[in-house]
Structure formats: C-alpha cells, structure tokens
Amino acid sequence: MNNLYNIAKDLFSTNKVDLIIGYKSIDSRRTKPIFVSSNEDVDHLVFNEYSLNNLSVYLTRKDIKKYNKIGILAKGCDIRAIVQLINENQIEREKILIISKKCNGVVKDFGLEYNEENIAEKCKSCKVRTPKVFDLMIDSEEEKKLPEPTISSRVNELDSMTPEERFEFWRNEFSKCIRCYACRQACPLCYCERCIVDKNIPDWIESSPTQRANFSWNLIRAFHLSGRCIGCGECERVCPVDIPLSLLNAKMGIVAFKEFNYATGMEIGEPTLVGNYSNEDNEDFIK
Amino acid sequence: MYRIKKQDFSKIIDELIKTGNRIISYSNNGNDFKRINSSNELSINSNFKPSKLSLKEIVFPKTEPLFYYKRTNDNVELKDIKFDSEKTIIIGAKPCDAKAFSTISKVFNWDYKDNFFNSKYENTIIIGLKCDYKDEYCFCNEVGLSQSSKEGSDIFIELDGDDYFIYILSEKGKNLLQPFMSYLIEEIKESKVDDIDNIIDLNKVRTWITDNFDNNFWYSISQECLGCGKCAFICPTCHCFDIVDENYTYFEGRRMKNWDACQFGKFTLHASGHNPRDIQAKRYRQRIAHKFKYYFDKFDELLCTGCGRCSRECPVSINIFDVIKEINAK
Amino acid sequence: MYTIGYYPGCSLTGSAKEFDKSLRKICDLLGIKLVEIEDWNCCGATSAHATNHLLSVSLPLLNIKKAYKQGITKILAPCAACYNRLVTAQYELTKNNLVKKELSEFLENDYNSIKVINIIEFFQEIIKEGILDKKVVSLKGLKVACYYGCLLLRPKEIIDFDDSEQPSSMEEIIKITDATPVDWNYKIECCGASHSIAHKDIVVDLIGKILGDAQKHSADIMVVACPMCHSNLDMRQLELRKNEGYKSIPIIYLTELIGLSLGLSPEELGINLHFIESRSVFEKYFSKVEVQL
Amino acid sequence: METNINFEPKIIAFVCNWCTYTGADLAGTSRLKYAHNVRIIKLPCTGRIDPLFIIKAFEKGADGVLVSGCHPGDCHYTSGNFHARRRWILFNQLLNFAGIDNRRVHFSWVSASEGRKWVDVINEVIETVRKARPFVGYSKMNKEYVYNE
Amino acid sequence: MKIGVFVCHCGENIGKTVDCPRAAQESAKIPGVVISVDNKYTCSDPGQNMIKNAIKEYNLDGVVVASCSPHMHEKTFRKAVASVGMNPYMCEIANIREQCSWVHDDVEEATKKAIDLIRIAVEKVKRNFALTPIKVPVTKRALVIGGGISGIQSALDIANAGYEVVLVEKEPSIGGHMSQLSETFPTLDCSQCILTPRMVEVYQHPKIKLLTYSEVEKVEGFIGNFKVTIKKKPRYVDETKCTGCGLCTQKCPIKKAPNEFEQGMIKRTAIYVPFPQAVPNIPVIDNTVCTYFRTGKCQMCVKVCGKEAIDFNQKERFVVEEVGAIIVATGYSLYKIDKKPKDSPIKGYGEYGYGIYPDVIDGLQFERLASASGPTAGEIKRPSDKKEPKKVVFIQCVGSRDESKGFSYCSKICCMYTAKHAMLYKHKVHDGEAYVFYMDIRSGGKMYEEFVRRAIEEDDVKYIRGRVSRIYEDGGKYIVKGEDTIAGIPVEIDADMVVLATAIVAQNDSKKLAQTIGIPYDKYGFLNEVHPKLRPVESSTAGVYLAGACQAPRDIPESVAMASAAASKALVLFGSDMLEREPTIAKVNESTCAGCFYCQKVCAYNAIEKKEIKDRNGNFVKYVAYVNPGLCQGCGTCNATCPSKSVELIGYTDEQIFAEINALATL
C-alpha cells in the first residue's frame, strides 16, 4: 500500500533518493518543513491539509542542489512551481522525484482547523488538485467539491474602480510594507542570486520603506512574476502586514490567460511567456 | 498604588488628548495599535495576544531621515532634522513590549547618544498592562519577566472589575498623572509575585553558545529558514538599521535610516564580495547568540523579552523557544 | 455496460425517425446504453451560423453544457449536421479571441473534455471494443456505395477522423457485414439537400450524377450517414424515376445496414419507411435470417 | 498642488535609436512644430526598454511616459520590438491595475519616415496627460521627500 | 570626472530659439562640469579646435556637444576628441537642434528643454566607458552549402576571386533541380547545356573543395571564425580509385530501385550514378537495396571493377573545415500532395488523386517526360499505359496561394513553367489539346509576359481562369471538374493526363539546418534575410549569407543574381584581415547571474552561451550566461529581460539610463 511511510522507506532503502524534503507535524494543526536524509527520520513525514509551505522554494538553494536525487512532497500547486523552475533551467527533472497526492485544499494559515471557511483561497480555484506531473502518488481521497473562489471577483471589484481609486487602494496597502522581503524569500520563483532590489548601482528600487519605494518594489516584483507566478499564495500568507499580494498575481495570471491563453507551470518544456513572442500578439494599445 | 474607576481613567485620556498628546492604543483585537483621538477608541484588554508588529516603531521607525542635502557643482549644504517634542503615551503595553524599550535604549546610548532614538524615547510614556495571555510561543517568564512584571513601564495597570489598579513607577509617570491625582484613590495591596518555575538555565545556554560556535546544530535548526527578515522586523528588541542616501530631485537628496535584519544574506556582504556569514546557519546563529549571549555580555540584559512574535509569525514555523530549550537540553 | 451520451437532434425525431429507431434497436441488441441529453436544444445547424456567429456557437455549447451537468463525457451525434455544429463550437471555444469576449460563461468548466463523435466513429469504437462482433446475417455479395456527403468530413482543420477527400472509414465498417464496398467517385459530392425544397431542379441534377455514378460502379444500394442526404437522395429519387427506364437504388442508413446484419428485420429498423423500397435487394438475405433465427 | 487643467505636464519618452529617434529627427528637419513638454531618452532598441524606466520616470516626477520604437517587423535587431511588445502587454495592464492607467503610459510605433506621426503622437500624449491632470497620487508620495520644518 | 560642455548655435538654427549662452551658464552648474561654453559653429574647424584645446587645457575626461542630431555629427566630434587622445566613446551629443530648436518656437521653454537634454548627456557621459572597437581575425575561406545553380555560382565567384571555397552537397552529384529541367523559360534553351559546363568548372577549380554526398553536422564560432563539422556519407566507392567507367552500374543485378532523378518514373540499379552528366561521375551504392548489404552475397560490382574501387567497409566520416563566411544555398523541394499524415498542418489535395491516379503528375515529373535525356527520351507519354496523351490539363497554384490546403505564398515560378510545359507539350504533340487552370497569371520579368502570350496565342494553349474542385477516373479518362470564373460556368474536361503545378516548399530539413547554423527561418521553413529590402542576402547571423530558393521561391536568374550578391558579401568580409565591431555589446555579471537564460531566449543572434563556473578546486558551481562578443549586436533586449539585471549593455548600462532619468528629476 502506497502510504507516505512505505514510499519514503522504499526510496531510501533502494537509494532512489538522497534527501526527501517534506513536512513534519508540530501539533494537530501545524506542520513545518523537514529534510529527511535517511531511513530513521522517515516516520516524521506527514502530508496533510496543514502542509502549507511550498517546499519547492528549497530546490534552488545551493546546499540542497548538492544532493544528486531529491525527493520532494508537493501539492499540485507546488508542482507547477517545480515545472516552472525546470523550464527556467534552475533544476533538472532527473534530479527531482516528485511525491504528490490528490489534494482537497489546505488551510489558510497554521493553527486554523481544516473546514469549509478555513480553506485557502488559492485551493478553491486550483485546476491541478489532481496533479498532472509527478513521479509517485500516495494514496489519497478523491477530489471533493470546494467552496466557490472569490479571488476573481475581488479582482473585478478593483478593475471596476477608477484609476485614482485603484491607485489610492494600492498606495495604502503598500505603505504598510516594512520590506522584510518575506514575500520574496517564500516565493519559489524568486531565486535570483541578487534581487533587483538589492542592486544599488543603480538604485532602481530605493531600499527605504517609504510609500513610493514600496510602490515600486511591489509593482516590479509583480511584474517579474507575470507569467511566472503559479499562485501558491505563499507571499500573501507570510506577509506580516497583510498586503493582498495574491490580487496582483491573480490579475497578472488572468492577463496571461486572456492575452496569450497561457497558464504557468502546466507542462515541462512549454515555452515561457516572457522570452517568447508571437507576431499575433495584441497591440491595440499601441499607437 | 492606586485604584481608579474606568470612566475616570477615560476622562484622563481625553484630557491628555486635548492637551495635545499622542495617545497610542490597540485596535483590531490587539493585532495593531494606532493613534486615537478619543477615549472611546481606547481598548484595554489583558487577553490580547502580542500585536503583529511590535511597539518599537514608536521610538525606532522603520524609516526616518537623518539629514537632507543639496549638492551643486562646487559644494554640498546639509540640513539637520528638528525633533518634535510631541508626547507619546502608549496605553496597555504588554510587559514583554514595555521592557523592550529600556532594553534597546541601552544600545542607542552606550557610547554615541542616538538622539533620533532618545528624542522619541524621552517623549514616550509607557503605560504597561498586566498580561493574561499565554500561548505555546510565549516564554517571557523564561527571560526573567512575568505577566505582571513592571520593568520598562512608567505606569502599570492591573484590571480589577470596573476599576484599574495603577502603579506609578517613574518620574515620567508621576509627572503625567500629577494633574489628575484627584481621580486616584490610594490603596495598599500587597502585590503578589507570580510564582515562576523556569525550565531554562540561561547561563548554561550562554556557555553552550560560547563553546559551540561551529557546532553543526546551527545548521540543523536553521535548515528550513528562508532568510527573510520578518522575525527581526517584528521583534520588539531587534534594532539593526541600514543607512542609505537617496536623491529626490537632481540636486537634492536625503540620508535615510532604515530597519535591517541580520537574517538577510546581504547583511554582512563586504564590498570585496566576501561574506563572513555566507550561509543561513551562521545568520541564525548570530540571531540566537546576539539575543542570548552577546547583548548580555555587553549590557547584561537579554535581547529578548519572550513575546514569541518571531515564532508565531515564522513562515516555516521555527520556534525560538524550542531552539533555546534544545540548547538548554544539551 | 457501454454507456454513451446521445444527442438525437431534430431530424432523428422527425424526418429521420428510422435513423433513430435503427440506432436504438442496435444498441438494445448490443447492450449499449444511450443517455439522451436532458432538455437538449436546437444545434443551430439550419440557419444560426448563417445569421449570427455567436448564436451558432453558443447553441451547441449549451447542449454540451447540459451534457456536462449530466456527467456525460462522450456524446454521440448521429446527425451529420448536429455533429458538425457541436465539434465546430468546441473548436471555436479554443480560439481565445472569441473566448475573451462573449463565450466566457462556457469557460468555467472544461467543456472540451467532452468528446463528440459521429455515427461512423461510434461504430469504429464499438467494433474496437469488441461489442459489435455477433454478426447473424452475412450480406455477402451485396454491393454498397458509401456516401459521406459534405458535413461529415469538413472542415478538415476541425474534423480529421478520416481523409476528407478520399474517405474510407464507412467502407471499413460495412466490411463486417460481408457486404462489398464499391470504389466510386461521388462519395463526398454535394447532394444539394439545402436546395431540396426551393430548387428541385438543381437537386435532381445533382443526385442524378451521384446515383448515376454509384450505379455505374454497379452498387446495389447506397449507404448514408446523414439525415439530409438521406431524405434528399431517397425522396428526390422519385423525380428521377419519372424518366424512362430509370432503375432506382435504395438509400439505407448505415445503422440500418448494420441492423440487418445483426438479424433485425427491415420493419424493426424502419427500412419500410423509405420512399425507395429495398425489399427486392434484401430478400435473398432475409430468407437466410429465418433459417438462422 | 496644482489642479488647473492647463498645467504643463512633464513627459519622458523612451525611444529606439533606429526608428523613432530618427523619426523625431525627421520631424525636426521638416521643421514640424510640437509641444515642448517631452524629454527624449535614446536607447538602441525598444527591446532595451525596461519597465523599471517607466516606474523610475514617475518617481522622478513625470506626469506621463511615452515608449516608442520600430513597427513590428522593422526592428533593426529583428525581434527586439516583438519581445518589448509582449512585455508591455503585461506591464501596461499591471500598471493600469495599480492605478497608473493609459492616460499616463503611452506606447507607439513610429518609423524613421513618420516625422508627422511623431508630432501627432507627442501632441496627443501631452493632451491626454494634461486632461489627466498632474499625477497627484505619485507626487503625494514624492512630496514625502521634501523637508518642511 | 571633468566634463566639458559645448553649446552650438549652429548659426541661427539653434541660436534663434535656444538661448545658448544661458544654456551654457546653467550647464556649468552641473556637478562635474568644469567648462561650459557656447559658440557659433562647433562642427567647423575653429569649433572643433576649441573642443580639442579645452580637453588639453582642463584635461577633460568627457565631452558633451549640444548641437545637431548624433546621426549628423557624432562621428565628427568623436573623431575630433580622439585626435587629442580622448577616447571617442567619451563624447556624447545633446540633440538640441532636430529635437529642440527646430520643433519649438517658445525661446524660454526651448532653452529649458535644451538644458535638460544637456544635463542628460552629461550624466550619461560621466558614466561612459572608454571603449575600443572589438577586433576579430577573419579566416579568408568560404563554405557554400548546396550544389545547385546558386551554390555553384557563389562558389565560382568566390573561388575566381582567389579565395578557397568548400562546397557541400548532400546528393551524390551537384547540379540540383536545374539539372532535372528539360528547357528553361523564357528562352527555351536546354537546361543541361548551360549548366553542365559550370558543374565541370566547379569540379576542376583548384580553389574549390567539393564534398558531395555530405551534410553539415555542426557549426561553431562566429563571423570570420566558423568551425564547421561536415558528415561524409559512405559511397562504398573509393573516389580516389574510381574512373567512372560505369561498368559496375551496367552489371549490377538489382534493377528495381526507384530512380530519384527521374522522379521515380523509372528504375535504377543498386550501385548507380544519379544521371549521366553527374559531377563527380562516381557511382554510389544504395545500401538499402544492394543485395550484398541485405544478404552478404553478390559483390558483382567488386568482380567487374578493374580498379578495386568498391569498398563495402566505408563508414561515415567527419571532416572539420574552418571558414570565415557561410553561404546557404540549399534550394527548395516540391510540395508532395498525396495523402497527408494526420499530424501534418498541410491538408493536401486528396481530391486531385495524386498518388492514386498514375497519370496525375507534378511539374518535375513532366520536366523529365519532356527532357531528351528523360525516361521517354523526350516523347510525352503518360506513365500508366505509355500512350501519348491527346488532352492534358495543367493546374496552377496547387498548394500555392491556398491557405486552407497549402501555403499562403505564391510560388512565383509556376505561371512561367506551366506556360513552358504547355508549349513543350504542344510542340511535341501537335494534335494535342492543352488546358491550363489558373488564378492569375504572374509573369513579371524580362520577356516573361511575352512568353506566356506566345503560349496562348501562337501555341493555342487554352487558359481557363478558375480552380479545379475534383478529379476522378472514368474509363481511362480523368474527369477534371472545375469552374470557369470568367464564363461563370462549371466545366468538365476528360483529360488523358493532368499536370499539377505544385507549390515550391522549403527543403524538409531546412529548419534543422537553420538551427545548426543559428539563423532564423519563417513559418514555412524558408530562411530569413535580416532586412527584406536593404540586406536581402544576409542572415541575421553575421557572416552567414543566403542564396537562391532557400530564402523564398526563386527562378534561375534571380537565384544566380542572389548567389553572386552573397559571394560579393563574403568577399567584402575577406577584404580586410581584421574585423572591427562596435564595442557597445552586452556583458554578464557572472557572480549574480542565476542562469535562468531568459537572455538566451530573447537574443536574436544566438550570442548568449551557457558557461560553466567552477570554484578554485575545479568543482562545478553553476551555469551562467556568456555573451559572445563576435555575435552580439548590442540591442540590449537581454538587459531589459534579465530580472536581476545581471547582464548589462555597455554604453547603455542601467546606471547610465538611471542617471539620465534622474537628470530630469523634479517634484
């Protein structure tokens, strides 16, 4: 039977992996990332509706890259990140062994109980709850119906405002930003060796958490993730001042789909959105 | 100590607001704090959990200008900052937050007197509140505090039915309440010291840290750390800052003092490209060592008040208390 | 039990009853469950796409949506026109310029996951599945001209289950009845169905060519898979019959031919409802039926 | 803060060297007149134009930004403008979503022979920006920087 | 930094609307500016001298000239500063004429703008680098890919100019399609007669190294310095020994292999020479049919060969050639219109029954039928029964100008060769009828239209304007159903033979070749020129040129013209020993590059390569992008695309542009 325990044990005993990046539970409603490198710790591994973190963020880290074959627990959404990382030459498919399961959503944040209203927003609109790309599947219950997503309606809400209102909205949200960069650090696709905000010659994005610098930072970040964000929502979850970053990402996701019929991280080898072009790209906004 | 009716206390607050003081109180179930314009906005609740951000930004803002400059072809003229004298009164600070102010004031005053900090700190009056909140992240009693410890507060409140018990603990506090003594009823109440059984031996922790600078333990506990600055930025005692210049017109600019965090990879990056704390483990070690050893060695104070914010908010659920416990268990 | 969604469309409930009848009979016999789409509506074939592009796409999509709600994953649309509209609509759905605007309501679910198949694909499938194997009557010696018509195979960028100019799939299917498909030239020529009422003269001329060529290549009967072709070729042949010495040729639905080979009687299959009678052609096979039954 | 409709907006234009810059030169050599509010920054190719420039332009007090280059297919570097176009599609909508709408951010193709078009584009841009009034939102944030005792 | 600013009045041109003295005074306030002056004509000798003197006097690091457009005088002033030892790239122009004084009237505003423009230039020049042009050595040797008429022409031109040429042909013989043609329009002279001498000339030319039956495998390097790996397929015949006596080909027992040269209309032997005039005249063994290769027996050829030239053990061989320029002349192939595989985007013409009806043939097959050296020795006989067809229908635009079934482009030569075919047919079958179905007749070219008129008027070829909907067989005849759009009626012709003018398409492996060389191609697989008007024979990869039908459908004269043009481009390159390239190219910051290779995706010149970074102990650290200075053209798209700005365009660095924007900063 394919429970997590057996799979992991087997992987180690047959030397199919040198490391498994997984979750271990702290208490009934909390888990944290764990790095299992041998049979002993296998029994710590859990994979449940409290497995919030998108572990693929670790795959691009130097100390992790050292391993030859890495097993990783990944939900459908996390796998999109892995696929995108592969498509961006950050990791090699052969080196990664994806252990996944059918997913019925995770909770918004640690400490909450898994139930209808605590399910994370991203899960409600998730199209890959049964993942398309993976190596091993652990036994998991079938998909059940989740509550209707609200994110797109929130996006429409903003779209329906006047530009001035929108600007004020974001100015207020961004002015809260304290530049702890938790959003960046938690993002699996923010793997740059030196983030643009850390580049000081020239000082494209001022490092002071002033309103305008925060505005620039959050915009550029959203732009750098356009067509790359896979909507795992970690940035918003980890934000200490609750800036609705998912709104930005969702908007750009919608744009990518409407303009280019493009969804990120769905298949390995698909051409990236930025970096390619089509003669038919829409240009009715250009004079 | 004194007893005072809640409504009388409110009267005092309104009075203070009228006389142009900046009153800070909690909002949104204690998650945030804000300036209030009337005592109705006042919310004094001993069951609040520590706010998401700590109170430190009142005396140590996330960003503040140090001076302004104007450069022309042949010279540069500087313009200094004038500090405003507005009084700030914080109402209902938790013991763990109240203590933090006095703790960091040490580092801002040990050789160079940082007036940017002092000007604010001196004008800040902290009214502490006995805390009745505890969760798996709190450990104030392990760092020499308790839910009713009054360190750092100028005035301290305890709830008692429709009344407050009020302790006046400092000159600042005394002067503040001077005009309102009429509202206060003197009362003797032997304040019982809440019994604390510590499980952590801080000396042991310190010596272990000293002896195990290169211990693999640092790597093992910080492996999942993402290296974001969240813990430091929300910490009431973390006080690192960065200084940058930025110009706003072609000729004019200003020098800024911004929060910084030792968890950032670039924090210790030298111009040469060398980075003494090149991996997260070393940065995490720095965080622990600074809080529980270095700062103590220098000021014999811990740089931690056990508020548990960093653990509560950590994206990957690293619990600093667990770490200390582990060290303690070695 | 093999189950499949079923979209009859207007013809099969009217002018082409026998198509529907014979299909249902076969399915009963082979234990195939047809799940009719509840409250199905017009496919918009007749005039919608001539009058309003959006309408011509949304009408069929509405049917697919209904099927989706019913949990149907595959739809059989026997009528060539219906089939054509349904698959075309799905194709349109993939063109995001249209999607972006009017059709957004059809994006909430993956309606293109539903496969729409025509009667030929249907038989290909049940033969592959081994469901259609018990042949009772051998139609050996029966020369059949397979007529595809215009709707079944075009447009080729949307429909590609067979070569649109040199099709052969129907021939393959009727082989299981032991009948002999003839090689002829008018397999896909227009029969003029849409002019059947308004411009009889054109139609008669056109079907004259078609039937003529079929007979020239010595076909006994013509098998069709489209209600319009059928009514047109069957009914309008009466006009040709007026000519001196014209030898008429029966027009049979693919389903009916298969039905016969499965031992069903012409009446059960509704062959007796056609204008051009075909008993003469089939007599010799029926006797065998009696023997074997 | 200025509110009257006839203020003089500040426009920063990022143009490619081969088409638009030359087109602007042509406007000059043909002695065509256009409003003075625009300042041109020359780049080799629209492909070089980074969203950061646009943001930075607003930070530095621009009321509107124009980005212009070779028509699709004419790019001196074969595909620079195609890549630029795709980037703009994304960034344009992102800016709009953030409240910096297309009254302030403008894009155009102006070839080396389109001196006249350049003039029309500039005047149009300036007019739309003027109608949109000074960029209060941004200047609010920028004003933070001035020191008032 | 010490910067000098020189504001030019350009007589009245600038002075009239810009207050130059004031502009100069204001500029003097800019940090870094040590001298700022205005004068009447800066481009004049006194003007230039003034700059030179200032450079010496104040020993300036950079110069800004506020004057006319850089496209006007940038070179002039850069030369000037260089003459006194300043690096030319330390001189910047502020364009205050074309983009200021000439387009504004308001002196106040124009002056303000001029000052801003000067400030921008100053800030830029402060951050300029002293650059020296990149020099790359040139290998004066050319590779020509494809031995058709275009390849032959290019090879001969370059060789006759005295440079070595390597000519690679994938077939056993050079000659290409032209060698298959019977006659050529509009002169009706025999194709072989004019081509064969050229083939021989190539073969005997001391400067030309001919590699037939070979294919380009790999191309490395860049302009002036290509390293090309060529695969020589085994002939199983030793070129050095074989005399081309042809005995082996007569004696070979296998005679059933389809003859490619004759378009499969007749058979050939297993060891064969593609056609009598083949160059080199050396046989090849087709190991797919040869008995020896199938059963290990026979060896008849070995027995009869006096020279012991047969060598069954030959293997693929790889030769590496170093060349400075590459000319691609791979030609075209013909659209095969029989049944298409399902996945093919092209839908084919099933209705014409090509591949089903033996007497429905394509243009090249007809060429062979009409050719005196062809299978019927020039008599027109239909393939099925070898009878002389009395009625032939020619159909144009089969696949051309037909988006739904073929390609949207016009194949260009079909109108002409169809007219030629019809004529040849009429000349050979006097009582025959020839019909041509056409959409339009496109006969632009010297004597072309006249040629078509001749076909219609003198040779009485019946032209029907319209398309054919269907062809089917009926008692040995082919019923061609079509429409006469001029008469507006359907027509049916019972033809004996049908000739389809099928579209010209790119070689099926052209995309693969393009990727090997690193040059772009269009959606049809035709190779792309860098500029359709001004640089029609250059690919976007420096040093790679295009000739003939590999770039688009071409007729013979055009192909030859292109070939010579491409040759001369190569010769221009060979004209100098060192190649000078603009130093404003992109550069990667390897320490911060994260290796996402978005830069590689957007680079139009394949200038970005993967580079391995190793630590001191030689352990692999990471892959980073590397910009090949030989290929980079300096567009900077990589720079804008790089999320971490780890690749920067020298001369337009982020720092410079930031400073330029900042120079305009106000509140």
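Points to keep in mind about this one:
As written, the chains take the letters A, B, C, D and E, and residue 1 is the first residue of each chain.
Note that a contact is a pair of C-beta atoms (placed from the backbone, for glycine too) under 8 Å apart; a residue touches a chain by one contact, two chains touch by 3 or more.
Just so it is clear, the structure is predicted and the values come from calculations on it, not from any experiment.
With centres computed from CA atoms alone, A is the chain lying nearest the middle of all the protein shown. Distance from chain E peaks, on a Cα-centroid basis, for B. Set against one another, A-E and A-D show the most C-beta pairs in contact at A-D. Averaging Cα atoms per chain gives one point for each, and the point farthest from that of chain D is the centre of C.
With each centre defined as the average position of its C-alpha atoms, the distance from chain A to chain C rounds to 50 Å. Centre-to-centre spacing of chain D and chain E amounts to 36 Å, using the average Cα coordinate of each chain. If you average the CA atoms of chain A and of chain B, the two centres end up 32 Å from each other. Residues of chain C found to touch two or more other chains are absent. Counting partners per residue, chain D has 52, 56, 61, 79, 83, 87, 142, 145-146 as the residues that reach two or more other chains. Multi-chain contact residues, meaning those touching two or more other chains, occur in chain E at positions 591, 602, 641, 654, 658, 662, 664-667. Chain E contributes residues 339, 342, 347-351, 353, 356, 404, 470, 472-474, 479 to its touches with chain C in the complex. Residues 158-159, 163-171, 196, 204-205, 210-212, 215-216, 219-220, 222-223, 226-227, 248, 251-252, 255-256, 259, 273-277, 279, 281-283, 285-287 of chain A are the ones that touch chain D when the two sit in their complex. Of all residues in chain E, those touching chain B in their complex are 28-33, 119, 591, 662-667.
The touching residues of chain D, when paired with chain A in their complex, are 51-52, 55-56, 59, 72-73, 79, 82-83, 85-103, 106-109, 121, 124, 136-138, 140-142, 144-145. By the touch criterion stated above, chain E contacts chain A in their complex at residues 591-598, 601-602, 623, 641, 643-646, 654-655, 658-659.
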